[in-house]
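Multiple structures follow.
Both complexes below contain chain A, partnered by chain B and then by chain C.
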Partner chain A sequence: MAEFTLTAAPPLAGHDETFGDTRLHAPQDFAIVSVALPLGGETAAKKAIKTAYGVELPAPGKSVVAKGKERILRLAPDLAFVFFTHAGADAETIVADKLKDKAYLTDQTDVWTALELSGPMARAALERICPLDLYTDAFALNDGARTVMEHLGTIILRTDDDTYLLLSASSSADSFLHAIETSIKNVI
Partner chain B sequence: MIIDHPLLGPRDAAEFVYLGDASLIDRPDWQAPDAMEKFHAYGYLRDNPAGEHQELWYHEQGDRSWLVVTRDTVTHTITKVELARDVARGKTKARGRGK
Partner chain C sequence: MTQVNRLPGGLVDRSEEVKFQFNDKWMRGYPGDTLASALMANGQLLVGRSFKYHRPRGVFTAGSEEPNALVQLRRRAEQEPNTRATMIELFEGLYATSQNHRGSLEFDLLAINDFFAPFLSAGFYYKTFMWPKAFWEKLYEPIIRSAAGLGRLSMKEDPDSYDKGFLHCDLLVIGAGPAGLAAALTAGRSGARVILADEDFRPGGRLNAETLELGGMAGHAWAEEAVKELAEMDNVRLMSRTTVYGAYDHGIYGVLERCTDHLRDSNGKPRQILWRIYSKRAVLAAGATERPIAFGNNDRPGILLAGAMRAYANRYAVAPGKQIAVFTNNDDGWRTAADLYAKGVEITTVVDSRDKPALLNIPGARHFGGQAVMDTVGRAGMKSIQLTNGQVIPCDGLAVSGGWNPNVHLTCHQRGRPEWREDLCAFVPGSDLPPGMVVAGAANGAMTLAAALSEGAVKASAQLEDLGIKPKGGEMPQAEDEPRDCAAFWHVKQSKNRAWVDLQNDVTVKDVKLANTEGFRSVELLKRYTTMGMATDQGKTSNIAGLAILAEEAGKTIPEVGTTIFRPPYTPVPLGALAGRARGKDFRPYRLTPSHKWTEENGASFVTVGNWLRAEWYTQPGEKGWRDSVDREVLQTRKSVGICDVTTLGKIDIQGKDAGAFLDMVYANTFSTLKVGRVRYGLMLREDGICYDDGTTARMGEDHYVMTTTTANAVLVFRRMEFVRQCLCPDMDVHLISTTDGWAQFAVAGPKSRDLLRKVIDRDHDISNDAFPFMACGHVTVCGGTPARLFRISFSGELAFEIAVPARYGNSMMAVLNEAGKEFDAVPYGTEALGVMRIEKGHCTGNELNGQTTAHNIGLGKMVSQKKACIGNVLSQRPEMIREDAVRLVGFRPVDRSRKLIAGSHFITKGDTASMANDQGWMTSVAYSPNLGYSIGLGFLKEGQNRMGEIVRAVSPIHNTEMEVEVVSPHFIDPEGERLRG
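For the complex of A and B:
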């Protein structure tokens, strides 16, 4: 039997388009690893994160940027995501080397597709499809949340004043892109 | 309808899935002599109040937490939202078990 080697390819790789000053693009080599805190081992896991990244695990709904430019987003009391730039299919081992075995890790790089929306019309475009209150005080810098946009499960993260990182399922990447593009076109 | 999540703040009810009466947290002891009767009540018998009702909601399109929502079934007014794990741990403590 023939032997096949499957190489994962991000579905929206290289996507980059601008609408006036507003830009929608897929970040390159975007690695995602989820970190689940073991029941009863929460304190040890938090300590390991602090030692490995030099930052405290933030409160649910908040994110922090670590010294090595990794971003840690806590989505639930016992679940956080680590985002960092890395090419290759070994993102999980990089986090595993740092956290030892103090937390349960899952490589989610393939699972999500990332889009970064930035520019003056970013918030106006998102307001139409995001059920969360994105007013600058209500959704502050570095806030992150999991919600639904156009029926698609989405993680939204505010990384700068007018910059939002959006994550949705790889399997419906084109539909998600279409939803965001349509919303931008509706406001410009 | 808006559910004010204790950790994440107000969220649209569309992000949640409804399960039912919060008494489902109180699973009977399967070793008790009257376990058969208790499980029958647990599985099939529900109150149907016109008024305050405690129910389980799952934040599926959010942080995947289970919530105990106290809601008035007549007006849909939500008076209290708690994390189900806190409620369950409170009950375990009250029974003198657990940590």
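For the complex of A and C:
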């Protein structure tokens, strides 16, 4: 038994608030692992992804939900993120076990803070901080993109008709939360 | 006061009254009124004082071009100066005051300026206040500044909130007049994504101000129907009270939406929103602005532009008086006479500068063709006008029309030049429009209703086709091509009294002529010399007349004289809106270290480092100042062990078969030979050989490196490496991703650091000196299995480690390290102690790697490998960069040990004068060393490596200090490095 124990305290953990029908909450145990496709080894990596998750690696800017509920977002030709629910600090190992050294992995779980914004005012709120065109046809279901919101680098994913998953740096989580909360309050 | 000037009809809502105050007098108006129309309805024609001469002024226009009727809106902290009464929508309880007067509006003490007008011509202060020179700054300028300006700021914090936002569309339609509505209807019906923006609160533009019909309907009724149809389209966004103020690159427009200015209270919502609209195409349908004619005393309250007077009568059901005269050089002025007559207002006279028969029959009105108004009589209002034929005609209001200028402003925002159209006597948009923009309607010179409607639809259709969208529904109702003949007539030469060209800046015809006489003949110089076209209205009503008079004086045509360039914003944008929500604590984002909570609870004082908040020191009870804390932290760390959160250093995960080769490219020294489980110090150069950044990189696996960068350069280094990866080395298998925020990293430094870590790191990891020597790295687990990374590196010069855990455990890890360290009297230390220890050790930071220095300067010249290709190594070998007598990094200590060194001091050889020619280098970093008991410093000194023991002078002219310092090794503590290897 170790003399000391560590307690996990991710920023914004447990945050959940509603503004009328619009909800802003931090998904629990949200694990992120980046998957880089080796130069020359792309085919093998894609095959490994298909085998592991049962889905094709989507095109850049698109995401797909795997059989095991993992979501894979292709951020660049040679880079994807795998999102899944996992509490431990070994998310990278979980993906590594599936992909069998066919890709380069980096645990990104603690790099990001995640907030899910859902409800009828979600798009109107995001209009205030998101420079991207979120019109339903322009940013379709399962689309994802990197952008900047209130000076903060952000990844935005449309996970449902009126639901967006937002990722930003964990160190500036307070500022990020403030930016989104302010946007919601300004439009409801 | 009752609404003595209210007429029948109009588009105001008479079902309820709105009470408001002007200069503390209660008045009444109706919903749908502007403050200007409500003041006029109440007989309040005098609304302000002019800028320079404090002349009585009244409402002159009915739109955003208003030069005169500027008021202070609201009170206390909400007070906003220079607000155009013509743009203020009336609301219950509105409070406004007039501005720019000493004493009351009616008896302005500064109206004395008007009597001194002969001495106050254009440029008077350039000439008058030349002598004595010393008086300018202390006396003249303060007096002029005090007298100048218009409204006053509340000097209190703005209690309103503001926001910003981003919108996207296929077609942005700017202006909701007939052309804009036609364009929006066409695009909306075709299924395009449309944004229709209009500065008015009631869309329709001139349709609301005229009595013209479309398809048998009143113009305003058709506009209402059109807006209703547009509002029902999901693909159309209607934005009233919204000004498109700037046309920027790539179809981006700056837009100000006034959300709650028309309400008594914002109710916590943003008052205004600054939108950035990304459009694929745009139709500018901004309409036209009427211009006046300059004649003697043409600035009295009761003198309005003819189109404005028509707008007040038709839309707001008000007139400035009971007996109105009209002075025009075009057909349009006649409509004012006809419309006001139809509203029951007596038209005494129509004066047409053109010698032609009366255009319309206005019962009771006398027609003077080929004549002009030469002068007016009155003070705070009109009494009569005098014509060039000598006739004096009583009237209490005068409508003036000098023709219409297309609103070309946005077409010029990317340096487009307008072109002169002789038939309109006006500039129209040139051919070099901002990409993606077309112009329709009056803004394009299509001055009649039928032409504007048609052009709006046709231009929108062309834009849609360009986007691959099939246009449909572009058929517009029947409308008339009303008479629009105009003959150039800019000012009345027979006028003896002052004739105003620019009402807002009190610029007269004489001023323009004077500018020309004195050599200010370029239109740009005319503007600056006379101030014509400056301030809130930017000369919307005055510019062309000024140009015409200048042209006349210079013997040129107007197009030869040209125009000043229109720049954004089209109308004023409040600074609050530009700031948006960036204020106070949230002025910009801030970053917190993983241990922030613990740090805050344990007495830390914070310093901003970039966006990070870092602990600078921890105050203990009894400590009287920061030095007490820092000295304690330094001494205790060197004596036992200290703990510092160093998470802010950039961390970049580098993986790939070519990761080593890639690092060889970006670092000046070699990394491909680094063994797995080892760390190496790395130095990056810019392409020109100057030092860029430094840090350590650990080889965690065969194809896996972890790089650290300086805090300040974390993002820049990552961006640069990504550039190298994608553009310079695309054939390398290497992948980068930032993990800066992913790992909470702590420096554990001091002779007891290993003992402390042994209590935290799980026992199956051997961290003895043999198993884990200096510059080792590896994966470990802590506190019973939590994954961690351990690095044997030292910034302090002590036996030291850096241990990283997933950031979620960072706060807990800080607590555990301090708890485990209690038996060693461990201390947390902040950035100041960190700085002191690195200076004691002679390590560089940004002070030394400041973008001017080379590896040679910092004593690491041999580290720049010439055996491999790497960024900067070629140019670092330029002869000037590797001179033997170049400045070199050395240490300094004061000869008089009680003195405090000053960073930034320059070194001068003893006996030389302290001049730039004798400059030997400069002090980069200083600190009080509690270990040595005196002030120490690092700095660059010419040929410093050969001058150990020499005494030089450290001179700081800024501090007016000078002291003798001894040149020493930069390594004040443990120069042999025995501690860190221990």
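To be clear about the criterion, the second predicted complex is superposed on the first by the 180 of 188 C-alpha atoms of A that agree within 3 Å, B and C clash if a C-alpha of one lies under 4 Å from a C-alpha of the other, contacts with A are read in each partner's own complex, and residues count from 1 in each chain.
Following the convention adopted for this analysis, a contact is a pair of C-beta atoms (placed from the backbone, for glycine too) under 8 Å apart; a residue touches a chain by one contact, two chains touch by 3 or more.
Worth saying up front: this structure is predicted, and the values here are computed from it rather than measured.
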(request) Identify the partner contact of A:P58: answer first if only chain B is touched, second if only chain C is, both if each is, neither if none is. (result) neither
(message) If we overlay the two complexes on their shared chain A, which of chain B and chain C does A:P27 touch? Say first, second, both or neither.
(response) neither
(message) Per the contact definition in the header, classify A:Q108: touching chain B only (first), chain C only (second), both, or neither.
(response) second
(request) Look at A:D90 in the shared chain and tell me whether it touches chain B only, chain C only, both, or neither; answer first, second, both or neither. (result) second
(message) Quick one: is A:A145 in contact with chain B, with chain C, with both, or with neither? Answer first, second, both or neither.
(response) first
(message) Which partner chains sit in contact with A:L79 here, chain B, chain C, both or neither? Use first/second/both/neither.
(response) both
(message) If you tally the residues of chain A touched by each partner, is the higher count for chain B or for chain C?
(response) C
(request) Touching chain B in one complex and chain C in the other: list those residues of chain A. (result) 79, 131-133
(message) Give the list of chain A residues in touch with chain B in this complex.
(response) 60-61, 75-77, 79, 131-133, 145-148, 153
(message) Could you list, by residue number, the parts of chain C that touch chain A in their complex?
(response) 161, 163-168, 193, 268-270, 273, 276, 278, 581, 586, 588-594, 597, 611-612, 647, 653, 655-658, 703-704, 731-735, 737-743, 759-760, 762, 782-787, 805-809, 811-813, 816, 819-820
(request) Give every residue of chain B touching chain A within the complex, in rising order. (result) 7-12, 14-15, 61-65
(message) Can you tell me which positions in chain A touch chain C when the two form their complex?
(response) 1-11, 34, 36, 38-41, 78-79, 89-90, 104, 106-112, 127-133, 135, 138, 150-152, 169-176, 178-179, 182-183, 185-186
